[in-house]
Amino acid sequence: ATAASVEEIKSKGMLVVGIQGDNAPWGFVNSSGKQDGFDADVATLFAKELGVKVQFQPLAVANRIPALTTGKVDILFATMAMTEERAKAIQYSKPYAANTISLYAAKADAVKTPADVASWEIGVPKSSSQDKAVTDAVGSTATIRRFDDDAATIQALVSGQVKAVGGNMFYGQRLDAASAGTYERKIDFLTTYNGVGTRLGEKDWNEAVNAFLDKIKGNGELAAITKKWMAIDLPKFPESIPNIPFTVK
Amino acid sequence: MGYTFDFGAVFDRAPELLWGSLGSLGLAFAGMLLALVIGILGVAARTSKIAWVRSPVIAFVEVVRNTPFLVQIFFIYFALPLMGIRLNPTVTAIIALGINGGAYAIEIIRGGVESISKGQIEAGFALGLHKADVFRLIVLKPALRAIYPSLTSQFVMLTLTTSVCTSIAAYELTSAAQRIESDTFRSFEVYFTVTAIYLVISSLMMGIFALISRSYFNYPTR
Amino acid sequence: MEGAVLTSPNDQSTLISLDKVEKWYGSFHALKNINLSVRKGEKIVLCGPSGSGKSTLIRCINALELIQDGKIVVEGQLLDGTTKAVDAIRREVGMVFQNFNLFPHMTVLQNCALAPMRVRGASRADAEKLARKYLERVRILDQAEKYPAQLSGGQQQRVAIARALCMEPKAMLFDEPTSALDPEMVKEVLDTMIGLARDGMTMICVTHEMGFARQVADRVIFMASGEIIEEAEPETFFKNPRHDRTKAFLGEILAHH
Amino acid sequence: MEGAVLTSPNDQSTLISLDKVEKWYGSFHALKNINLSVRKGEKIVLCGPSGSGKSTLIRCINALELIQDGKIVVEGQLLDGTTKAVDAIRREVGMVFQNFNLFPHMTVLQNCALAPMRVRGASRADAEKLARKYLERVRILDQAEKYPAQLSGGQQQRVAIARALCMEPKAMLFDEPTSALDPEMVKEVLDTMIGLARDGMTMICVTHEMGFARQVADRVIFMASGEIIEEAEPETFFKNPRHDRTKAFLGEILAHH
Amino acid sequence: MGPIGENELLFILQGLKWTVLLAIIGFIGGGVFGILIALVRTSKYPFARLASSGYIALFQGTPLLMQLFVVYYGVALLGIDVNASVAVAIAFTLHASAFLGEIWRGSIEAVPKGQTEAANALGLHYVSRMKDVVLPQALKISMPATIGFLVQLIKGTSLAAIVGFIELTRAGQIISNQTYRPLLVFGIVGIIYFMICWPLSHVGSGLEKRMAKAAR
């Protein structure tokens, strides 16, 4: 069996963290080949808390959950937006980051409400929370094109293959880098919160993470990391989210 | 370990899998047709005596056969718009499949054409037939027959290559699978089922090719 | 159905004439100063050692090979390398190869009907009627629906003859038509050719079947090293060859038979 | 080096015996009630029209084909289909094929040394010594380091004979050993075979070389349609064949030569 | 979000290292199993022939992409803890052995029947017949197709990106995600593939031509 308990990990001295490898600034492998980003910093702190070394396992968006459930990784600090469906497959911790999902399109296009994008082609990264948000909002009227990752999604907009994309709060900056002054944020769909993922029913992991998050929220360490990577203040986190338990019952 | 298999969640999405399969089949057939056209026209050019007709075809074949399909489809989808050619994912996928399969088909069919004895061609000329007629009426059919098995396996591979088209958001079986997976998180079950579907599709392809061969190449040889 | 006759032939009865023909394969001199004139209805047998240029000679007449110097005129049409001349000449001369070269993916009937349809623009019905006529002529009409692979070598060669006849050519060229055949089949093909000869067809035939040469040839031509060494009527040729080269050659082939 | 002799042969001098042998290819009856006994040192020539079963017969002796009924005994060993019997028999009889079947990726020496090493378990040195001895025997030792493709057909066939001899067999089977050769090369192979015959080797040879048959055969056997039609000493066989079938056949092959 | 500099190129080249390594692992693993498959496929036992042709049909009849997914997730389900590279190596071995097995079966059957008969007539047994006589000739016949498949395999490693393995294509994706220059990055990646595959293809078709000439 590969699914280890917290105690087993402590005695082994090594924590395997599932993380995104290509989603700057959340989690990415930097050009010197080292894992870096917001999630990497938080996970490193967590490992320090447990008193073990950390090993990062970069994952593609679509195989984050299988990697956890099959025990390939011990825990996910993998930009996991908290959704009801996912909460059926993994155990979330309390939220530790927030992310606003919006529609981005060319300045020249007049868009005020979701009705304005009916019959457009809209790009999103496959299986991401943007995918879910955009599909929920305009999936029945617009054509959703699902790409492998953020880079392909943004490229699709820049190439004109889609008229709009569902992006997170970093898309604006990236679209400007690709084509300055052409695109803007049009509609905010929702704000999602990211939680740390552990396996369902494993109380020891969930409790350890929640205790750790409470601690770094209190002592300002999370605020510092948020400032460093997002250039924003620590957002307000909700006490509960419907149908997404933060603790093992 | 205590993993319990649950194919139910996958079978609930059977309609999506069916549409995905049809999408894959559609891409495969359209891609193949284009590949065959590119292959036949390409061979005519590839075997030309005129260097500037021949060399672009050679370069085309070399580039396509020595780079991954993933990179090729990515280029058609993302780079062509920069030159003002914007194609939707389905058309892109068909063109990419056609180009990829076509490059292989050119080389395969060329092998067949070169296996036709010079005497056959001379007999055609001696009867007063012109070059195009000789190629079309005398060379092509026996040439295709000679390389039919390799063409078949190349086209079956092309069918399987449709799975890569998911990366430009074309609608086919693999993207359906990925949607279902991201909703149900039943990764193993989803991919296992889809693999089985691909096996059925490729067997179907081979069956169809065998049927075509039996009706089209039914002349006896020694 | 006559083909384009551009110039009026200087001798009304000359069908094929070669004048100082020179043929090179790269630096290899394959035909040297070939002069030959074939009258309508004449039957010529061409023989000589392997590599002497016999095939090359008849292939040049049919424009399957291009010559470097000299003139070839068929039915008044100068073979000047233009598509038009090549077409016109190929319509006037039929060719039969050593290896038959039937098209394996077509039935016997389709093999024969192909050229009339594509070259003469005949309708399928007319072309097939013509094909049946000539298949009858070589007495193989009952095999019309078979594919070449289902026939014996001798039958295949007779189909090849019928196929060439379907273009209703003025002359027929044969390149060792019996040498790929088993002994029993040689006779059936030779009989077919003798029949053709009797009917007055102009023929140039590369063969070492000396019985055939004796029986039908008006002239036997002996080639060696790309040159015409000797030409004579069969009687003279076999009984009193003038050149030593010819004598040696005849000694060899007659010893084998 | 004697091979496993399981039963003592009833006639001390019989090396190979076939008793009521029947062979079918599916529904095709290829050998019909074949009875044949070959004494040590005897030379037998097998002839007959194409498809009469000559190759099949000698391939059965060597267990390259399995028989459906009857008995084959070689040097007292009954060929009963067990690996042991097949091995024992193949060690006793060498075979030479029409198309030589030399191994193209091995030198002449390696071709000859292979079986002694792998089958008899000889060391490389011993095997090569043996190989050289038999290459010398067929007078081709100077070619030992060449590859088959570098040799003429006649030389290749002589190597094939040496290769078979290296197993030091009691008998040799030849299946049309000269028919794939150009005329000049036929003689060198026939001379080699005549030499072998003189040295007392037991031989069964499928051939239509009638000169060879006259010179060395103790018996000539004529087959047709899977049956042995006639067997006789060469003089009798050629001068006074009894059956019409034999007469017709002889008439045909002698006419060709 | 930056230019493509030395670091980025270096990162891509590290991906290249894995691409080459994966192809080599797949080729060696596939080669060993492939020979077995080819031998079983040409054996005289009908059941063994059937089983091996089923194996070939399975791995030639499904996309490599799916094989990667199923092995990647499936091996973990068996309770064996493997990292991505082992799973990918297993998948490539299975995939390659099916294709190489089929290629080599063809070339074993292309060795003239007379060769086997001559070996039989000399009393050689199966092992020696295969090892000394048939396989050396079959391998030579199969060289062009084998090299052709090696090229396919190298290109096929690009699919390992989909299970998150950082080989050449994945490295390209990561860099393109950081620099937002996908066209440039994938152009470079494409050229690198071409530079490895093209010389190989060339050797392959050269061999093919030489053999065609020898056969004439």
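Each chain carries a letter (A, B, C, D and E) given by its place in the written order, and its residues are counted from 1.
What we mean here is this: a residue touches a chain if its C-beta (ideal position, glycine included) is under 8 Å from a C-beta of that chain, and two chains touch if they have at least 3 such contacts.
Keep in mind that this is a model prediction, so the values were computed, not measured.
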In contact with chain C and chain E alike are the chains B
Ranking chain pairs by contacts puts first B-E
Of all chains, the one whose CA centroid lies most distant from that of chain C is A
Outermost chain relative to chain D, judged by CA means, is A
One copy, chain C, sits on the other, chain D, after a C-alpha rotation whose size in degrees, in steps of 5, is 170
Chain centres from averaged Cα atoms put chain A and chain D apart, in whole Å, by 81
Taking each chain's centre as the mean of its CA atoms, chain B sits from chain E at a distance in Å of 20
Taking each chain's mean CA coordinate, chain A and chain C are separated, in whole Å, by 83
Whole-angstrom distance, CA centroid of chain A to CA centroid of chain E, is 36
Note: chain E residues in touch with at least two other chains are 73, 77, 79, 182-183
In chain B, the residues touching two or more other chains are 1, 3, 78-79, 82, 187-188
Pairwise touch list, complete, is A-B, A-E, B-C, B-E, D-E
Per the touch rule, the chain A residues reaching chain B in their complex are 1-3, 62-63, 65-66, 69-71, 85-86, 88-89, 123, 126-127, 131, 145-148, 152, 155-156, 159-161
Given the complex, residues on chain C that touch chain B span 62-64, 87, 90-91, 94-95, 97, 99, 101-106, 114-115, 118-119, 147, 149-150, 163-164, 167
In the complex, the residues of chain B that touch chain E are 1, 3, 62-63, 65-72, 74-75, 78-79, 82, 153, 156, 160-161, 163-164, 174, 187-188, 191-192, 194-195, 198-199, 202-203
Within their complex, chain E touches chain B through residues 57-58, 60-67, 69-70, 73-74, 77, 79, 151, 155-156, 158-159, 161, 169, 182-183, 186-187, 189-190, 193-194, 197-198, 201
Touching chain E in the complex, chain A uses residues 1-2, 21-24, 28-33, 57-60, 63, 66, 70-72, 148-152, 154-155, 173-174, 177-178
